[in-house]
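A short write-up of the structure that comes next.
First chain written, first letter: the chains are A, B, C, D and E, and each begins at residue 1.
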């Protein structure tokens, strides 16, 4: 095992060897294995946004096996999905790619501005399906904070006892933050900090903008002249907030957009010391060949080849 | 065992042989055994709508044994009911028809526009009564989503460990959907997707209309020109949304209506690749002889004889 | 054992012999043993209404032993009470009368229009006290429905595994029903159906009035011309709704009233095929001698002697 | 379901509907479904006698799938085997034949004249593999009686709670019986009685000889002039000892022997009111085609066609 | 994943995807990954034989980390050891090699000719240490058979539920077999069959000799003219006895001996269709460089390069 992977594992030395093993599996799989970087395919949009918005653009994606195959062929580090999608391929593709079971999910049919996802799977589902980690979404800023954090607390301690890693999607949302604030640099960094404090091994946030949401934070940024002009600077800043870089922080790809814009963003993440990307719609909504080419290029950027 | 049954079982290869056995029992029983199609008799209306609206039209239905006998004589694949109704016949009719225990139920005495059924039975009840599956209703769009999904999550993992199949009634309802939206094509398909993601083996939805509820979905339908003019097209679409046809989707019969209209609907379901029908009121509210003839004709349509 | 008792037991053939034995004990005890009729003494009013309203009229009733003695002397089929009252006499009167432990109770100190009784005892308490059954109250129509039904679900499966019978007090109440609707014929029948579906062996409801609460039900009554003019007709109707007479339905005595009115009511219940009465206040609030005479006459009515 | 099956089920009315359902499945499957007779294929000889003595004569039998296929193709009522053999086919053949998991087994490597098989599987294995019953061997006459009977006691109560049937192989052996006594009429009948008393639903014994082992028994046979000259008489006698014919008693085929001798024996069993045969070596040690023909003829004898 | 690995996994289709994943991890790791062959380093001799006989020849072996490093550097498929040895390196080497936790062990201080190893670890230890499998030793022929088989029965069902693979060391020993019989072809094959019937995924036996121990078996070998002259023939025979080659059988290296003799033996195992070797003393008692060269050559033989 190369030194970078060992170094990253050393940050998690309170965890048992089972969890370390699964973190190592994530880092040692796929095209950029061993670099300490991550490119993960997540497909929970069928649940979260509905099938139409998710799969109509590339109908192959209606078939759960398509995403296993895509993630494997592309050489992703892992594939993350809700219970049903993993059950529909875990036996057929056993051992071919590390799996992350998303244990909570929202849908767009349920009203309410303060989101609180439903529990949709169990740690023992992750165990029986051979997963390396659980995934869990929290919405800091939602009035349902206590319910979400409390659920995560229980899933986290169970996962760590059973040797799994914990990946937290930390998305500020709800009545506590403005729409613009959801991606504000101070709020994204804060969300990363919260996920780390809750015991996450890997934190997923959105690429932050230069907007500053909280007045109290704004004063500090100005006083300390914290550089946040470029994405790389902002990523560096978020990574610093995630225990000074001693927790793995990865960034979501967001809505489908132009390929060159994504590559630019990925370079920013890489240059700022971000650990990787978790790219759903921009992967599986393209035709397979195009998606493989796209993901390959993203991985090459992280591997320092582009 | 014929090839179609084996093919369907192959979609569930993450499940243990116990669950596969019970899925096979469902498919290998009754008049259309082995076709991969399903006609199931569900009788939970006494609980859900009250006895008057359910059984007064054909008072034989007050007797729980009547429904066992009807389902057996008609050659249905299974009979589904709440705890009390199954307890009242499970010993007498042991081994004569696969049973599905409905584990949650609503009643029409309790007020509220965002439904959340009560738990009314346990997985171990299903085991001691010799059932092949549990049944569970979710109402996507209800603000009580998290409670329902969370309950299903626990019942599902227990059922799968104990070798039972999981049948989910997925009915959009509540403040997140309009009345018209409850049967909108996009919403019904979304409801099917959600049930599959929650780990259902068999999903029951209502026959969808051509209405599109969600603005974001509407754009996709128009852009991708998804055909939804006929019921067959809409059923095909819903089946695609249920893991590209790799989960069993069956359709409810809804309120009592004219026989010819039902047969027309069943043909649409069949032509669209739907797996079958679950027909309650239109069966048990008719006189027995008429009901047997009616169910026989529905089965013949699925068997391709009409 | 006489044929009627055997016939009634045959309706419960999904239950184990332990539960059947306890049902038989209920039917084979007391003055009307073997008739398939029941007169039960329930004393939970000290908990539900407070001691003043319950026992001041006949202060002997403050002593828990009084009620054991009364039920035994009168030849009741059983005595039902909360944990404390049973603990205070179960040893002294061991083997003298079948006991039913009420496992939930409300009190009149707690405010709120949607009742949800508190759990006040356990199935294992019933076992250690030598009871033949548990008792449990549900309030269909209350917004707390799910909590009550969910609790009953767990107590029922445990009781049946441990060979006890399950007696459910099913009283519509709460924001889903009007005051008049609480005893409406359609609502009382619906409440009986719900209790049966939840797995009750014996259901206790209030004598229904000719009022019809639900509009949808009203249409059916009119269309099907269901006779509900006399109490006997209404009782017959409720019994039909309780699995076509294949579940034991008994009727509460309600508030203290004139003796002749009660006898009239009991005759109506008997003539309509009701299985018996459960009479608390009208028994223990009378002087002992009077109460014994009163209960004796009620039993004679059920035994067809009056 | 035909009357004979219903009649047999009526003997087991202390069992829950789950167990009745699985007993019905055994009786309603295969070529002689519905006759109340049984022909079961057991393959535990690989474990009990070693592979050489078991499978060398027909090497197809080394493959666990061979026996599933043989039992299915022959139309046996069930296939019984230890854990490993069932695991190796339960998914592939799910739903095609009722399975019985043998939960204890001996091997011929372990010394000792008082046999006590080892536990080799669990009730929860039977559940996850979709079995209808557990199988368990006892050796009355062995000094290890208490260990075996105690294990069976625990497995039986668990199986009955979980809706499985219990099949007991009751083979007198050990220091308490002579070699000749192992098949003595009094001892075989006694072994059947013991298995029934231990709660077995189905008992398997060896065809008894006319030898009488126990002196005390001999006196009774002589005094009462119990007819035991023919196999049919002896079978009738054993069946009588198994609760006067109210428990299912089936007979083992024993070592491979001439076909005509087996048919003669089967006729004797049938004529004496025996319920069927469980034939291992005489089935799977023949070439497949020959075995199918052989089993078919055995079934025809039980069906009264020969 | 290559076709051979997929084919092997298909034999275990009763297992959950978690167990399949761990079996795949074993096959997809190391120098001969993907060939379906195995070379495993086991180091339990410190426990079983004492440190002197185990590590004095190469004192590096006193350090538990030495063996992790050796197995990793050599490219073994897995490293197997008791609890203490794995705990001493599992964190440091997390993710670098699949681990097998030996859950029972004997020591040479305890007297007795009928061995029964002590339980020395738990399935949850395997989980927290990130292992892919448990290991367990049985001694068929020992009078302590029932204790060993019974323990394995419980560990097996737990391991399979928790997604681990089960590796069984099956060594005939004890008063039921002679010294020569411990490696007799009939006894070794029988031992493989027993392990498979007990639910093992992978069975480890000793290379068999041409000796035949059991008289009853000898007759069969002679009658069927089973070829057992060469090691390859004998291995082929043992593999056939392990469910006709549908279970993974690997062979122990035994006592330290000349290198050329080992290579000869490995070629015999490979030519007979054996799945691999598990070589302890012959590996770790050599100097590291020599051991790496030695193991490399063994792997090359399995990979068909030599």
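In this text, contacts are C-beta pairs under 8 Å (C-beta built on N, C-alpha and C of every residue); 3 or more make two chains touch, one makes a residue touch a chain.
Keep in mind the model is a prediction, meaning the values are calculated, not measured.
Asks: Which chains contact both subunit D and subunit E?
Replies: Both subunit D and subunit E are touched by B, going by the contact rule given at the top.
Asks: Ignoring subunit D, which chains remain connected to each other?
Replies: one piece
Asks: Based on Cα centres, what is the most central chain?
Replies: B
Asks: Compute the distance, rounded to whole Å, between the mean C-alpha positions of subunit B and subunit E.
Replies: 49
Asks: Where the centres are mean C-alpha positions, what is the separation of subunit A from subunit D, in Å?
Replies: So the centroids are 57 Å from each other.
Asks: Residues of subunit B that contact two or more other chains, please.
Replies: Expected reply: 13-14, 16-17, 90-91, 129, 161.
Asks: Could you tell me which shape the graph of touching chains takes: line, ring, star, complete or other?
Replies: Shape of the chain contacts: other, as it matches none of the listed patterns.
Asks: Every pair of chains that touch: which are they?
Replies: A-B, A-E, B-C, B-D, B-E, C-D, D-E
Asks: Using the touch definition from the top, list the residues of subunit D that touch subunit B in their complex.
Replies: For subunit D paired with subunit B, touching residues are 1, 5, 9, 13, 16-25, 27-28, 90-91, 94-96, 127-131, 161-163.
Asks: State the interface residues of subunit E toward subunit D in the complex, per the touch definition above.
Replies: 11-15, 140-143, 145-146, 148-150, 153-154, 156-157, 172, 174-177, 186-187, 189-191, 193-194, 196-200, 214, 216-217, 220-221, 223-224, 226, 240-241, 243-244, 246-247
Asks: Residues of subunit E touching subunit B in their complex?
Replies: 13-14, 16-17, 161
Asks: Show which residues of subunit D lie in contact with subunit E when the two form their complex.
Replies: Where subunit D meets subunit E, its residues are 46-47, 49-53, 55-57, 59, 62-64, 66, 82-88, 90-92, 105, 107-112, 116-122, 124-125, 129, 147.
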